[in-house]
Every structure is written in structure tokens, then in C-alpha cells.
């Protein structure tokens, strides 16, 4: 088993790290406080090539393999402190780009992928509803065919990138009586008549990533915007969700590495009782635990990335990866605050924000409880 | 118009490494002033005034990473003169002269100094050897008269100076000429297909030896740690009585 | 036959005093030395140089040399070297000498050592000490060859005494027709200032990015400099932000200063800036960050708000 990066991979990862540390870390504290999305940084990422990782070169992407992709996202998370920006990028990649890559018609791919890859188009998806979160497939938004159009009616909540998206993949049912087999996916462009992106939702963390409720009132969507087949929505969603689970916390591994280094530095410099606090076992022990969490998360991530390129089904591994990394990230963030003492609580030190950002990781892409259910069922229990 | 950009691989002055990496992580970069030169060449090409940008560097295979970075920024092709010796500006300029004679560029744009050696000589020596006009410490470049002349603003000790050069000429860059673009991933991937020509000094017809020998390198003595003062009054008192400088 | 030839810099009105420091190196190297002045209508300048212990002041005066174009000046220097037989061609580091001397070195097929801060005589040969890596290290080097070109860091060599018996001024015939003409001088933009020259001032007050804008920079940094009769400097960040012109920049790629007193306002102390101030006798840092790197290098540092402290400081100095 060769754990080494190739020269080409190393070159790519170093380029990502250099780009992110020099170009993306400004105004993070204020943007987090005010809930402002950094459009300029998004555009820089698009020009640099982040959003296009994984997408075949025919459609404007870089065609990188999954392992290199997750390693690049890890490096991005290490070098860029704006977790919200990265969350928006991830939502865009896994919920809009992936479904198009796998289920889009040639015309749909050519129309949307190039812009999604270079960041000129922002994408997202609309799945959750006020009454269906974990139980996603019990959604009630309808899409009734009328001539050459589908008419959508319903409301979606927790739409990441909602306020800024040019394109949303909206899940609705064409026939409630068919249950899961009625769920279909639609490409809905912003400002479609009958589509109302309502108030921005204010969050505990990931505040630089905008989120909104979206209402569909007799929203007309042309039939060529059906993504995949009628009734194929649940399968499409599950596949995109599997990618999301495996990859969305790649940058979290990078964030944890950064937190670890910050804590080591602080523990060595901060002196209390005549010695650096790192010499106290209770502090050292927390940092050791952080280190072990970073390493185990990294290995699960890389294994998932490698497997993704070598095997068709990674459903189990994706769920385990997400479950584990989310847990580690929240614990590392909490430990980081504790190690920094009072300073860890101050927004100026940018440690408390990590915890606020991390907590959501146990909720999105399927709560940690859902991930556990998945693993249990895959184990035959 | 063909632009030749000589560049040097130097230790990273800002040294930011990813701690998760093994110790073999690269700590070299393109000399920042040369990066500015590459960027300027790219902008000149984007304005439609240049058709080819050729990079050249001197060194062992370990500098290939910087060559690929230059290609990733947008340089069309690169030459590495395979020479692992410790060279001085005297030798570097004479090797570059041979490359200039081979490539016949219309203009050579390079950094004013390498941030490890800080000699600030190579561009000027090269100009002297070739008998070409030179403009050093340049903060803006404009081509005139169907690209037969270049008008350059130079940063000097007293302010700014504008000079005009007949081409071909040598231009060395100063900090404020531009802000270099970062290497993009598409650029990096395209760079993998761009040619790197490796040549020895013999192959370009130069046989030169450095005339400078470094006998020793040492850190200067550290200034003793300073004293913190708590008020303007205290500062003035100390400057008067202790330092005797007021 | 002189051992050394020293290129003297002037601004068409008077000699640039820091360029005289290279004479001290000539004295240390031993033997006779001559001074070289190039320009047009430089009688007053040349006359002011006769008591510096040189065997002669060589003057190349011609309309074609009115502006310091490197191709012409290098050609003239080479001719002067051939006539004088000098083995060492010296100058003080400046944008003028850095532009021209390497080109002259090329024409003379000689090696050049930049920014010499000291020499050491070692059994028959000489080694030169010079800064590298933004002055964080110093290299001791020796060079081979019949001749060599050397520039000195002004701050590292004393001003030479000016009490020698006057020497002759030798005019040098310039064949203007044979001078290169691939370069033309178009214009220059220099602000004349009542303040002392940055590289010669006893006191330098510098400002960094926190000084907000040009007006604030002039008010606080300029105000304090004036109260102390000093010169103004700036960090690269301040120049990039348009708060100060480029000729105020101090650092690895700007000017290197070594005043008696250097006051750094709102400067964190990046290594590239420290490279330009390390040899100052007393460094004072005023900053709101007690952990700024400059506090390790400063002789005294005061932590607090610039906008409160500097006006107070100006007031106290005026009263004293």
C-alpha cells in the first residue's frame, strides 16, 4: 500500500495551500458577525479551479480523481479560515454539480457545467421541507406536468446558497401515490416565475454561507429541465448524498490540523505557574487526543477517496467517514477553546468560531443519527 | 514579440509549510522579483503585444518545480541550463548571454535582484555584455512605435525617472510593477504538457567559471532585547539620559 | 597609477554626501585613489571634492552626459579606469551606482561585490563582508581577477576627512559621437524637501500601514520628524498603500539607513523592513501590539495608540 503522494499531486496540493492562505483569509471575523458571503473569494476559487475539481474536462472541469480532490479540499480547509465559504463551495459541488455530471443530459451538462465549474454560476439544492428533514423522501412539494412544463408547488427550507444561487436542483414529487418512486429532480434557475427565495436564515455558525427558505407557487419549469427521469429523484439524491457525505468534511480535516497547530503553539507560549501550559498533562492530553482525531479522520477520508475511484459503491464508507469526522471536528473545536482559556471564548482569536461552524457538521448531509442508522443497516442489524 | 524571462529558484522568504506533510515538502519558490517579471510578460501578451514567452533558469533538476510553476502561470516553454554549481552574477550573466544569443528575444524582463543573494547585478551585466539598452528597478513598461521602443518608469532614490530604450533591451523589475497572479489549477495541469528543454553550458556554447568564492556565512550578532517603556515621559527621559540621543 | 577609482554621485547641483563614504573603503584598501565625476556643467561639484585625499578628481563633462544613462556612463567609467589603471572601482550603493556599475563591471570583465560592509586583509588577499537574505545573514567572500568593482553600504563606512591638500582636477575628453545612444532620458519626478536626506539624517522617523492615509502620515510621521529635525521613512506596505512615495521606502529592496535614532511608528517589523534599519544606534518602536517582531529589535518600545502618543511626543519635544 503506497501512502505517498506523486510529484504531480504534491504540486497541486501545495498550489491549493498557497492560493488559499494568500487569497482567501480576509474580513473573516466581520463577515461572520454580519453574515456576509464573500463573493470575491468565491470568484477567486472559481478562477483558481476549486469548483471544477472532479468534473470531466469536457465540461470545463479539471478531471481530478476523488482522492486528489478530497486531499485538495483538506488543504483548502487548512489554509482558508472561512468555513462558511467552503461550506457553500461544497454544497455547490455535491448537490448541484454531481447530479448534473451523473444524470444530466448532454444539453444540460453543456449549458450549466462550465459556469458551475468556473464559479460564474452558483448552485445548490432544495430538498428539506419544514416537515421533512431526516425523513427526506416524505417531501410534499409537487411537480405536476402541464403540456411542456412542470408546475411546482411547495416550500423548501435550509436551502444553502439559496439567496445567491443561479441554479437549484429542486426535489418534488410528480405523483404522491407512487411514494418514493414519484420523486423527481428539477433544474430551476433563479427568478423563475413563481419561485420566491424568501428571508435569509440566520445561523449559529457557517454564517458566511447564505441560506434561505424557498417557496414555489405555481412555479413553471420547462420539461427539458427535468434532471434524469421522472421518479429517478430518490436514487439521484442518494448518489449525490453519498458523495456529499464522503467529501463535505474533507476541509474539516484541514481545519482540525490548523486548530491542532494553533493549540500546540499556544500551549508552548502561554506560561502559567512558571511553565508553559503544555507541560501540564491535562492540557497535553487534550492536544494528544486532537492529534489522534486528526490522523484517524485523515485516514478515513483518504481511504474513502481512494475507494471512490476504485469501487462503485461506497455508501457505507461515506456514512462512516462523515459520522467520524463530524464527531472529531466538534470535539477538537471544543478542546481548542478549552486550551485557549478565556482567549478561546473571544471572537478576535477565531477559536470559538470553529466550534460554532463545526456543530452543523452533525446535522447536515444527514444527521449523525442517520449516519448511524445507515451503518447499522449496512452491518445487517 | 518574443520575451525571455530569466528566473531563479530561491528559498521561500515566507516559508509556510503544511505541517501534515512529510519533511520533503518543497521550500523553494520562484524569486519574487522574477515572478513579477513573469507576470509582466503575461500581461504584455494579454494586451496582444507579445506572441511568445520563454522562461530560463539555471540549476539542478530540483528546480524543475519552479519551472513548472512558471509554466503554470502561463510561460509558453522553459529552458533549464543544467548546472548545479554555486554561481555568482558574473557567471550567471554570461550563461544567460549565451541563451539570449540562441533565443534572440526582443526584450529580456527579469527581477532586479534575487532575494537570497541581494546582489542586483545580473540584468545590468547582461546588458553590458550584449551592448543592449537597460532599464532597472522598473515600475511601469510601455511599448511604442510598433514595439521598437520601450518607455519605462524607474524607481530611484530620489523619486521616479522615465527613460526610453531602443529594443532589444534588458528590463529589471521592481516591486510595484504588478502583483503576480497565483498559479491556477487549470494552469498547473496545462503546464504538464509544456516543454522543458534541458541544456548544458556546452550545448549553448558557454564555458565560464564564477569569480566569487563564499568563504563563510554567519548570522550577525543579535541586538540585545529592548526595554518596554510605559509612557511618553519615560521614553523621552531614557532617550535623553540613557541613550543620550536627544 | 591609482589603486582605486571612486565614482562620485551628484544630483546636478551638489555632491551626494553618502557617495563619499566609498572613499573610506579606498583608503582602507590602500594606495592612491582618484575620484570620478560624470555629468554636464559640474565645475562646482568637482571643486568641492579636491580636499578628500585623492590624487586627482577626474571629470567627464559633456552635454551627452547630462543625464545618468547607464550605457553612456558605463562606457565613460571603463575609459577612465583604463586611463587611471585602477584595480578597484568603487561606489556607494544607491540606485545610481547599482544601475551603472554592474554594466561597467561587464565591460571590464571584472567581478563585482555589492553592499560591502567591511573588509578583512588575509595573507595577500582581501575578503569582503556583505549582507545576504535581507540582511539576516552576512557572507564573507573573495573575488579573483585583475580588477574588481565594489559598492559600499554608506552606513558601514565613515565620512572621509576633508582636510587634505587640494588635488588637481583633470578633465577627460569624451568622444560624444562614439557613446552608445540606445537610451534616452525623458523626465524625472523628484520632490525637493527641506528635510535632510534619508540616508544621511541623524534621526529618521518611519511610518507603517496603520497611518491610514497620506494626510495622517504627513501629520504624524512628518510632524515628529520635523520636531526632531529628521528625515521620513516608510515601510513597503505604506508605500504600496499610497501613503508615502517610493523614495521613502526603507528595507531590503529600498533604502538602508543607520541613523543615531530611528523611530518606527505602527511598524510590525517584517524581516524585509528590519534589514534596512538594523544598524541604527537607537531604535524606538511605538505600536499597539506588544508581540510585534520589532519589539525584539527595538532599544525601547512603547505600547499604545499612535494617535494619542505621537502628538504627545511632538508636544514634549517642542517644549524641551
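Points to keep in mind about this one:
Residue numbering begins at 1 within each chain, and the chains themselves are lettered A, B and C in the order written.
Simple rule for what comes next: contacts are C-beta pairs under 8 Å (C-beta built on N, C-alpha and C of every residue); 3 or more make two chains touch, one makes a residue touch a chain.
The shown structure was predicted, so the numbers you read here are calculated from the model rather than taken from an experiment.
Chain centres computed from CA atoms place A at the largest separation from chain C. Averaging Cα coordinates per chain and for the whole protein, the chain whose average falls nearest the overall one is B.
Remark: chain A and chain B have CA centroids separated by 40 Å (rounded to whole angstrom).
Averaged C-alpha coordinates put the centre of chain A at 56 Å from the centre of chain C. Centroids built from CA atoms put chain C at 22 Å from chain B.
Among all residues of chain C, none touch two or more other chains.
Looking at the complex, you find that chain B touches chain A at residues 16, 18-21, 25-26, 65, 68-69, 72, 182-186, 188-189, 192.
The touching residues of chain B, counted against chain C in their complex, run 11, 13, 33, 88-90, 93, 112-113, 115-129, 131-137, 139, 151, 154-166, 169, 174-176, 211-220, 223, 225-233, 235-236, 238-240, 243, 245-246. The part of chain C that touches chain B in the complex is made up of residues 11, 69-71, 74, 94-96, 98-107, 111-115, 127, 131-145, 180, 182-191, 199, 228, 236, 239-240, 245-247, 252-253, 255, 260-261, 271-272, 278, 281-285, 290, 295-303, 309, 312-313, 316-317, 320.
By the touch criterion given at the top, residues 8, 10-19, 21-23, 47-50, 52-53, 62, 75, 78-79, 257, 261, 294, 298 of chain A touch chain B in their complex.
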